[in-house]
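Shared chain: subunit A. Partners: subunit B in the first complex, subunit C in the second.
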Partner chain A sequence: MTALLTDRGGRGSRPRGRPELYTSYSSDIALLNTPAKRAGVLAIVAAAFALPFAVSDQVLVLLGTGLAMSVGAIGLNIVTGYAGQVSLGHAFFVGLGAYTAAVLSGDPDGRLVGFGLPMVVWLPAAGLVAGAAGLLVAPLATRLRGLYLAIVTLGLVFLGEHVFREWDSVTGGPGVGRDAVQASLFGNSLTAGGAVLSGAQKVYLFALVVLIAAAVPARNLARSGVGRAFAAVRDRDIAAEVIGVSLTKAKLLAFTISSFYAGICGALLYTITRTVEPNSFNLLLSVRFIAMVLIGGAATISGSIMGAMFVTLLPRFTQQVPRFVPFIGQGVTGGGLLTNVELEAMLYGLLIIAFLIFEPRGLFGVWLRVRNYWKGWPFSY
Partner chain B sequence: MSDAFAAALEKTSAEVDDARPVLEFSDVHLHFAGVRAISGISFEVGAKELFAIIGPNGAGKTSIFNVLSGVYRPQRGTVRFVGEDIVGRSPHQIAAMGMARTFQNIELFSNLTVIDNLMLGRHHHVRYGVLAALVFAGRAHSEEVAHRAVVEDIIDFLEIQQYRKFPVGLLPYGIQKRVELGRALAMEPKLLLLDEPVAGMNVEETEDMARFVLDIRDELAVPIIMVEHDMGVVMDLADRVMVVDFGSPITTGPPHDVQRDPDVIRAYLGQEHASAAPMGAPR
Partner chain C sequence: MTRFGQSLIQGLGNGSIYALLALGFVIIYKSTLVISFAQPALMVAGATMVVFLTGSFGLPFFAAVPVAMLLTALLGLIVERSALRPMVGKPVFVVAIITIGVDITIRVVVNRFLGNTIRNFTSPWGLDTLRVGDVFVQQRFLAMMLTTAVVVAALFAFFKYSRTGLAMRATAFDQETALAQGISVGMVFALSWAIAGALAALAGTFVGTGGSIDQQTWIIALKALPAIIIGGLDSVGGAVIGGLVVGVIEALVGTYQPTAAPWLGNNFAVVSPYVVLLIVLLLRPYGLFGTPEVERV
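Coming up: the complex of A and B.
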């Protein structure tokens, strides 16, 4: 027994067949602290990298969009899921990131403002500009809480929408938008098709790498003292302060980091969808992000990714519905009782309600149930 | 009592000057509009002392705690903690100076595990910043492991090993009280405020808690201020007792003297009992 306890700092070896016996704190707090997690994550990442060679380009673009949205969903989950500050303004920060990337990477001689800078500049810059805006907005969160904060951040979306619509020289104006430029890394285009990889394959892989680079630090943050402080502020703010957590600092940090992620998400989306339309950063986008967090699972990183993929892929399935159900029409003008677009909007609402009532921990909670069932199998617990 | 926590606590208590009182609470007045919660209370708490505050409901005991931890700001008076005036400082600054507290109604982070709750007690000892947290390697990692070692010692001390990874919301009341005490200890306090540590507990749980409180004072040498309604516990444990009623001090002294004080008996039992049996004595 004492032999187990003396090895406190080192990696510690684990007896076979005892996945939850830790012989050092280091292996207990590790990111992937069981062999099953290590194998599972490895398999998922490997599958994600192999996917572009197995599915069509059209599906890849959709999946790539899902990966980009995952980065944004992780951002919203940091501020809403972990720190408990409801924000309806996420679309605004996504828009800021998209336009920062658009302006910095844009054609210097084109119709709109552009600087023609490479990806290594515009990608971090998109995050930093959005993060700085988040830092400016955060003081509101230190004054307000709950619904009041939600209303104020809602105002942010409308402000942003107006600015994006009117600032023609940057955004191209409503209905016109601006073109995406070639995102390139070391002279190789990340969006145009090449000899080895098609454009869609490159964009998908680019988004995948960025998502991994964003998700791992977010998970690290969550298990660190900073993430614990966020959870303390969410659960009981007065007790948090009495044990030494500065509410102001925690909220500022949560908003800044969340907005940084939103900015990166915007820049990525812009690379994938190829055009930016000023009207797209509206309340509906914010609501979609909230749906991702609630459906995926609040205060989980893997849940954010599951939720983002789910919400992004949902339209793909609702598009198929009119073929099988007679009274549902295709497209905005399609006949029938309701169209697939309306069906999709209704499904968001229904799913949010259903998850809140039946599985508040979201898809992550569903996964936990499945995992625990098989852990105990063939016994019920 | 094992190494990591003891070593950490020793370092903290070395910063405290034993000859001077840890806390000087002088002539504090606190009122909410017309309601006088505290009017002119003064007391001192010495190093390694277990000081108890008692009084009927609404006497202002918890208000004193809220002034101490910075939740309320008194209109008049000074509060000196380890030599510094703390009136007007924010709760998290006072916490960082080494004042730890438990609450009358448990204020734990119920979604988090016992370990995370105790790790949160270490919050102001966390030195690494956000960027280090994002990377979680090197300094941040080794610091987390070191904090975890301290937290595990406290878990051993309070005998809550089997609940380590449970969300505290699922634990029984008596255990939650213990976890809250653990969270306060994790702060390496120079002064520990216990607000009704045995309220609502059965005899066995009360005795466990009393043992922990004595161990904290005797083995860990942490001075304690305790608010408690269980007179048996107060009279058995406290070095000195202060009685308050309607926000004013009635008397301060050793338990034996306090329970014979006619003013105290009057405050608790009313005028006609002023000559009755001393408080806390078996009836």
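Coming up: the complex of A and C.
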């Protein structure tokens, strides 16, 4: 018996060949609780770091955008997936983060307000300003439930859009916009090409590092007491209160953390895209984030990343469709039954519907099915 | 005073558009407990049908509107049967998100018909005005108010006196009990979507009268959301009042804000309903006429 229970590097002992038999609580709730997960995550992270040297800059920018969106999707998943508070206002917080970063990093002598501060200031500040706004909005969430909250947060997007449009000295006004975040680390620009790495490679790696720094704490939060409190509030708020979860505290925390992530996402997103236009933080962006969470898988961190990548890469695929399908036209004014732009919009809608009806757990659920099929092979259960 | 009267009439006119849309939202909410975010798409679909029926098919306006209402009601039926019925019993949030998906999908198709141009709307009123005292009143606003009043009265009568209306009220009260009494709850769901579709088409027509519709018109329908929240999600009367309140506030802010509070920026009127929404909800979380949810454990 003792021969079976060989200790594996202090992670709690477990018999060899039985990856799902846990002999201690800490090994059960560990971040990477099976050897397969450990190896898999390591491989994915290594591949992600190697990618910039394998693909073209154009694709890298797209992938970097996907990584930035992932941070935002994780944020929305914390409040909507884990804590169950529907928020259609995510775009507003993303916008706040983008403008905070743009203003703090901007050229002090430029056309618009700017302070020329380094990244160590603007990146956390973008998160903190958005988080503070989230904290201000959260009291609404403690008073309202379900769909009432969804509509209020929708109102927030419209109000935010109005402020962004009208506050010319900061945002540059609609149609003009302002230069986005000026990112540099130790005097090296993160966006301009250098001797070793091109601009796209640098910005991709920057986004990757930030995403990892954001995803790991989020995953940790989800498996901690706070995460379980969120899940309790989501599943049945009254029962949660009865077992001693403070609803107010949980909701405040969920909104603040979610908005913090949204702010970081905004700063990151507009480090990659070179200008910020006030009209881009609209309801459509919020719906895209909702689509990411639902397509990826609610209440999963890896699902958020999958969903964000999927939704960001979708246009790239629909661009290719006209070449193969005759009745799909190219561009906004293209002929045919549908153009690829319309196809993309339609796919959003149809994919949201299809995933919710057929696979409510999203891409993460698809992955679970695939995994369980091979785990059970040759049996079907 | 003239300015006040004019903007009041304009507000009541636009408010009746919001009231029609809000009625659709509330009717769907009462029977299925879901907020349908597909309402904007149904509205532009109805308006687009009117454009094509009067244009390409050469129907007179007063024939085109009922036809468009019927067709949009049919569209509502199809949406309910294909996307919503499979989701009965699922969390309301999930169903609400599905309606967002439906909204996007329908709007893509409608935009395909509309194209990138602005479609002019032919209506018997156009921008003709009527002079009452020293106030110039646009006839279209009067038409909107009158039609909405008639429709609302008809709907209230329908809910109060007809067997089907009674069935709908029973379903809104308790679905299972209604089912046990022999009411086809599925039929009630379908009917509420059809009514909401027809109301949305009528609202879309009024949005177009005296102006035009284009790919951005759907945003107007979202202003019905503050209206239903202000009125209370489950109050039919509240929806009408909420719609009118939103319309009047928007018009008054549009008239007086540029001079009284210019620091709020241009076009503040467009977002003013959302400010009112926030204030009302902070004071009364279930709107002015909504019933507070009572949870039993």
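Just so we're on the same page, the second predicted complex is superposed on the first by the 368 of 381 C-alpha atoms of A that agree within 3 Å, B and C clash if a C-alpha of one lies under 4 Å from a C-alpha of the other, contacts with A are read in each partner's own complex, and residues count from 1 in each chain.
Convention: a residue touches a chain if its C-beta (ideal position, glycine included) is under 8 Å from a C-beta of that chain, and two chains touch if they have at least 3 such contacts.
Quick caveat: nothing in here was measured; it's all calculated off a predicted structure.
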Subunit B and subunit C placed together on subunit A: clash or fit? fit
Using the touch definition from the top, say if A:239 reaches subunit B (first), subunit C (second), both or neither.
both
Of the partners subunit B and subunit C, which touch A:144 in the superposed model: first, second, both, neither?
-> second
One more residue to check, A:166. First (subunit B), second (subunit C), both or neither?
second
For A:103, is the partner it touches subunit B (first), subunit C (second), both, or none of the two (neither)?
neither
**Message:** Quick check for you: in the superposed arrangement, does A:86 touch first (subunit B), second (subunit C), both or neither?
**Reply:** second
The answer to whether subunit B or subunit C touches more of subunit A is C
Request  = Examine A:346 and indicate which partner it touches, taking first as subunit B and second as subunit C; both and neither are also allowed.
outcome  = second
To the nearest 10 degrees, subunit B and subunit C lie apart, as seen from the C-alpha centre of subunit A, by 80
With the two structures laid over each other on chain A, which partner does A:158 touch: subunit B (first), subunit C (second), both, or neither?
-> second
For A:211, decide between first (touching subunit B), second (touching subunit C), both and neither. neither
Pick one for A:221: touches subunit B only (first), subunit C only (second), both, or neither.
first
Smallest Cα to Cα distance in angstrom from subunit B to subunit C after superposition equals 7
On subunit A, the footprints of subunit B and subunit C overlap at residues 238-239, 242
Subunit A partner, complex, touching residues on subunit C are 35, 83, 86-87, 90, 92-94, 96-98, 100-105, 107-109, 111-112, 116, 222, 225-226, 228-229, 233, 264-268, 270-271, 274-275, 277-278, 281-282, 285-286, 293, 295, 297
Interface with subunit B, subunit A side, in the complex: residues 8-9, 24-26, 28-29, 31, 217-218, 220-221, 223-229, 231-232, 235-236, 238-247, 253, 257, 299
As the complex stands, subunit B meets subunit A at residues 69-71, 90-92, 95-96, 100-101, 103, 107-112, 116, 119-124, 126, 128, 130, 133-136, 140-142, 144-145, 147-149, 152, 183-184, 187
Per the touch rule, the subunit A residues reaching subunit C in their complex are 84, 86, 140, 143-148, 150-152, 154-156, 158-159, 161-163, 165-167, 238-239, 242, 283, 287, 290, 294, 332-333, 338, 342, 345-346, 348-353, 356-357, 360
